[in-house]
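Across the two complexes that follow, subunit A remains constant while its partner is subunit B and subsequently subunit C.
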Partner chain A sequence: MTETTTTEPWLDSNQKPYIQIESVTKKFGDFTAIDNLSLDIYKNEFFSLLGPSGCGKTTLLRMLAGFERFTEGRVLVDGEDISEIPPHLRPINMMFQSYALFPHMTVEKNIAFGLKQDKLPDNIINQRVEEMLELVELTDFAKRKPGQLSGGQSQRVALARSLAKQPKLLLLDEPLGALDKRLREQTQFELMDIQEKLEVTFVIVTHDQEEAMTVSSRIGVMDSGKLIQVATPTQIYEAPINREVADFIGDVNIFKGIYKGQDETGTQLLSEDSKSIIYATQKVDVPVGNRIWFALRPEKLEITRKLPEVDFNILKGKIEDIGYGGSFSTYHVKLENGRQLTAIRANRERTAEHHLTWGDEVYLHWAPHSAVVLLS
Partner chain B sequence: MSIKEIQIPAFLKRTFNGRNVAISIPYLWLLLLFLFPFVIVLKISLAQPVIAMPPYTPLFSWGDSLWPKIQAGLDSYLFLFSDSLYIKAYLSSIKIATISTVLTLIIGYAIAYSIARAPTRWRGILLMLVILPFWTSFLIRVYAWIGILKTEGLLNLALMTLGVIEKPLIIMNTDLAVYIGIVYSYLPFMILPLYANLEKMDMNLLEAAADLGCRPFKTFWTVTIPLSLPGILAGCFLVFIPVIGEFVIPDLLGGTKTLMIGKVLWGEFFYNRDWPVASAVAIIMLLLLIVPIILYQKSQEKAIS
Partner chain C sequence: MTRFSKFNVSAIIIGFTFLYLPIILLILFSFNESRLVTVWAGFSTKWYVELMQNQGIKDAAWVTFKVAFISSSVATFLGTIAGLVMTRFGKFRGRTLFSGMIYAPMVMPEVILGLSTLLTFITLAIDRGVLTVTLAHITFSMCYVSVIIQSRMSSYDDSINEAALDLGCTPFRTFLLITFPIILPAVVSGWLLSFTMSLDDLVIASFTSGPGSTTLPMKIYSMVRLGVTPEINAVSTILVGLVTAGVITASLIGKRQRQQLAQS
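Up next, the complex of A and B:
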């Protein structure tokens, strides 16, 4: 096995997926929560299901855990069809969004709960509980009850409890949703460390795109019960397949227009905003005259007061708003036709020499390879 | 000319502020309608029965001396312990109350559980059905049970028509009838606190238990029951405490052998016209009930904290 196959098993056709979701549909009455969804997840992956609320990501997770039966389709784990197996017999554990710690049991007993169901001998249970407590650094809190823990501690107990049984698959439903930003960022890295250390396959549900980008090996972007795109965080960000994904992940400037063909600079788009031709390197295979879109991330837009020394991809506008973010600043630039674009510039110099300010006339420019061409 | 302000002394202002006045209302209520009658009953229990109006000796008697002579004795209490009837009646009351509390708990738990797990739109209606019988007088409902349970009553008629039994069942005027009456009458007191508890139980906990490999039946015993303990305790006390002193149900549905302290008390009061002994019976009953009442208070305090 080469290095590439272990880090990106989905690119290797010889690799067998660990979790196979095959044409699964879930209906609640007339409402289709999951619409004929298929997905392969590989061993030791950290897979994120990302989407707006109500997109079906939590339903999919609950179906993997066994709390919801699906209307059609099947799910295989390690080659075994688990569709008909009740939740208490599945080799899958879940970490609940609300943590769902048993309030009448101590931290220790909570973590031991799953192990006790397997009728393991006491010494093994105790040893395993201790390992778990060490893993989440809560050894001193073993005798506490959940009511006496902080949010971050509860979150770690929930994680320890769900990992104690060494599941084949760990499902995490918005695991960091209840933590404050600082703790959340710190815990993201802890989660990644733990996942690597224990070699458990993680499937995480989140609506926080930054979180998904940070922790995942791959992200599945969902909407209306369907997977729109499944790819690595970089691909999702740099090469979204349509406007919906581009818009959902991070900020984006979308240019609408008519495809005018290719030349040596790249794909030509007659922009509706500037009434001029703008360029992107990426080639497309659609008839000339079709409607296409360019997507451009704000940090890829250069913002200058001087006219750039190129003769394409230049838009003129006026600074409407500046959001100072410390390491970077966000500029809202209004074009002549009234359209507003967003540009981000890193604040490299401490005291801004060529300081941009409200009302400044500026030029926006981008390299053709920075833009993504979207067909829908 | 100016109107001179009336100076209210500071201590009066402190004593009669709005908060204290508001708090004093329930205290006054308890003082007048609970403590004061209790003291009267206590006083009567220390007196001797006489054929007079009222039928007991006064506590103080003024003879020739300046100071009143206090006439009080524990005769009535000693009498209670000398006659085994009273001890048996207390024990029998505790037994009947315990058994019917357990029965009510089992039935009430099942009902509360199914209401709490019913679809949300049904819960209100189901709960309403639990409370609905209260709209009819308690006495009438107990009388209705006579119509159902008696030898030629509805139950026997139905069973005999269906051919389940040949001879009518003797339920009326037995302890069984008393249990049926008590369980029926006190069921709402069990269901309501249990429902309040079970309804707010986090369903995620049950899913978490299943997720960790716990079978549904075991989850019920290891998660649901321990978490509903405050509801169970509240319901049990709310049934046990009033059932101990229950009079109407054993009197109407029970037989001559059904021994309950409420009935004995009634008998002492109205048939024997021995007010001191009747009062002593009541005082002892109250002392017996203080134990579960304190336990109940403790459990409620725990539930709140």
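Up next, the complex of A and C:
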């Protein structure tokens, strides 16, 4: 393996993937949980599997850990086929959603458990346990039992325990799901620090798209046992490949219409909402007359009371609802045909002078390069 | 406040009197100086001393403890396995039948249970004695143990076992190091419950015992037929004390376990 430091190994064809999931299928009776799924994950990646509940992401994770056998396909880790290896012999560790701490053992013993199974000498075990306790800042809690820890502390013990054996790959099943919002945000950054420091490959399962965006090097969006899109958080957000991904990640305004060709401003769409031509810069390769969609993130819609000084991409509407979010406000704008769009505006002015209010007649405008063209 | 209304207080007094007055009288009169059971003649422990000299009662007590100890230990072993199978192995062929068979002895009238085990021993030509009583006690105690284990396992987080496997522990060691220590309190309270049930069983023991395997409840029952003596009161008091201790310990263990679960 070439040891070049690249931040995006998936773009470099010389890089060998670290984990290769090859056409894996998993069926529970008639139900197909994972449908012929292939995925390459590279060393030191922080890879997120994101999707609604029941999409198969946890099943995929459990298959990597060895708790579920797959019906077809195989998985390679560092070139080695691990498909037939039972879970207790895999060089992979997992952090469970429920943390699954051993309630009858102290924090220390929980962390040492995996090392003891490997029959390591006591001094090495003690040293490693100490390092782990320091890493998660729980040195003072070494002698406590899991029942005496808070949720955040339990989460750290679970992390330390799963990292103690220095696995090649760490699987995390909704690792932050049980924490409150503030602690979750703080822990996200800690997880990223630890991952960087220890150089372990992380695969995390989450249904929280914000979490996936924050922590991941790449995200795999799953639905019905299939990967819909695998890309960096920026790409997933700014260039989703279809309406499903666009809708699942963040808020989005979708414009349905008929493709009318290209001109110097960009791709033309005859919008069903405004009955006029709207533009996006991105080019498409489909016959004129096809049904296509424009996707626009709410923060890319400019909302003004004055008519913008351009002559395209303008929609007129009335403010229906305002969600004040402190640093920004969310506006629900009802178009003349009754369709409701969402726009977000940063609250740069502190005084009420520039504020929009309920019932205001407003114009929505966007730059053609802000819109994403979707074919499905 | 209606908590201590006249109705509530009197209901409690009447209820507890109804339940415990006979037992309290029995305990009181076991310390009676007089041989007459109904006349109080001052405090004395002489009936306990006399008890110690009664070889028949001592033999019966020894048989009872032997039977209770062995039957509760075997029943705990088998009941734990049955409870684990019912909760850990998911669906298997004959699961419903198996679970019905585990519960059967709980709902079956004791007389029927005693009679059917007796018939089994006769058919198999097994001489009745300590062994047959022990076997019969295992049969009916086992189902209680399995129920206790099943209820413990229903709140057991399977991912704890998966975590142990994931950390390199073999399935068998996982049971020894993780599952068993966690369910140990349930196993202990199952054992205590079987022990006390074997201790005070009369019906099944009467059916399945033979010469030389008279248990304490049987001995007491036969003595009573010749009239109630303070000696019987004394031996009953000891039995009541043991059973009470067993039941209280079992429920304390259960309570502590629930508290631990609530914490984690």
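In the analysis below, the second predicted complex is superposed on the first by the 370 of 376 C-alpha atoms of A that agree within 3 Å, B and C clash if a C-alpha of one lies under 4 Å from a C-alpha of the other, contacts with A are read in each partner's own complex, and residues count from 1 in each chain.
Everything that follows uses one rule, which is that contacts are C-beta pairs under 8 Å (C-beta built on N, C-alpha and C of every residue); 3 or more make two chains touch, one makes a residue touch a chain.
Note that the structure is predicted; figures quoted are calculated from it, not measured.
Visitor: What does the overlay on subunit A give for subunit B and subunit C, a clash or a fit?
Guide: With subunit A aligned, subunit B runs into subunit C, so clash.
Visitor: Going by the contact rule set out at the top, does A:G147 touch subunit B (first), subunit C (second), both, or neither?
Guide: In the superposition, A:G147 touches subunit C alone.
Visitor: Identify the partner contact of A:R161: answer first if only subunit B is touched, second if only subunit C is, both if each is, neither if none is.
Guide: both
Visitor: Go through the superposed model and pick first if A:D118 touches only subunit B, second if only subunit C, both, or neither.
Guide: both
Visitor: If you stack the two complexes on chain A, which partner ends up touching A:R184: first (subunit B), second (subunit C), both, or neither?
Guide: neither
Visitor: Applying the document's definition of touch, where does A:N93 land relative to subunit B and subunit C: first, second, both, or neither?
Guide: So A:N93 meets both subunit B and subunit C here.
Visitor: By the touch definition above, which subunit A residues appear in both interfaces, subunit B in one complex and subunit C in the other?
Guide: Residues 65-67, 86-89, 92-94, 96, 98, 100-104, 113-114, 117-118, 161-162, 165 of subunit A touch both subunit B and subunit C.
Visitor: Show which residues of subunit C lie in contact with subunit A when the two form their complex.
Guide: Residues 157, 159-160, 162-171, 173, 178, 181-182, 260, 263-264.
Visitor: Touching residues of subunit A toward subunit C in the complex: what are they?
Guide: Those residues of subunit A that touch subunit C are 65-67, 86-90, 92-94, 96-98, 100-104, 113-114, 117-118, 146-148, 161-162, 165.
Visitor: In the complex of these two chains, what residues of subunit B are touching subunit A?
Guide: Listed in rising order, the residues are 202, 204-205, 207-216, 218, 223, 226-227.
Visitor: Given the complex with subunit B, which residues does subunit A contribute to the contact?
Guide: Touching subunit B: residues 65-67, 86-89, 92-94, 96, 98, 100-104, 113-114, 117-118, 161-162, 165 of subunit A.
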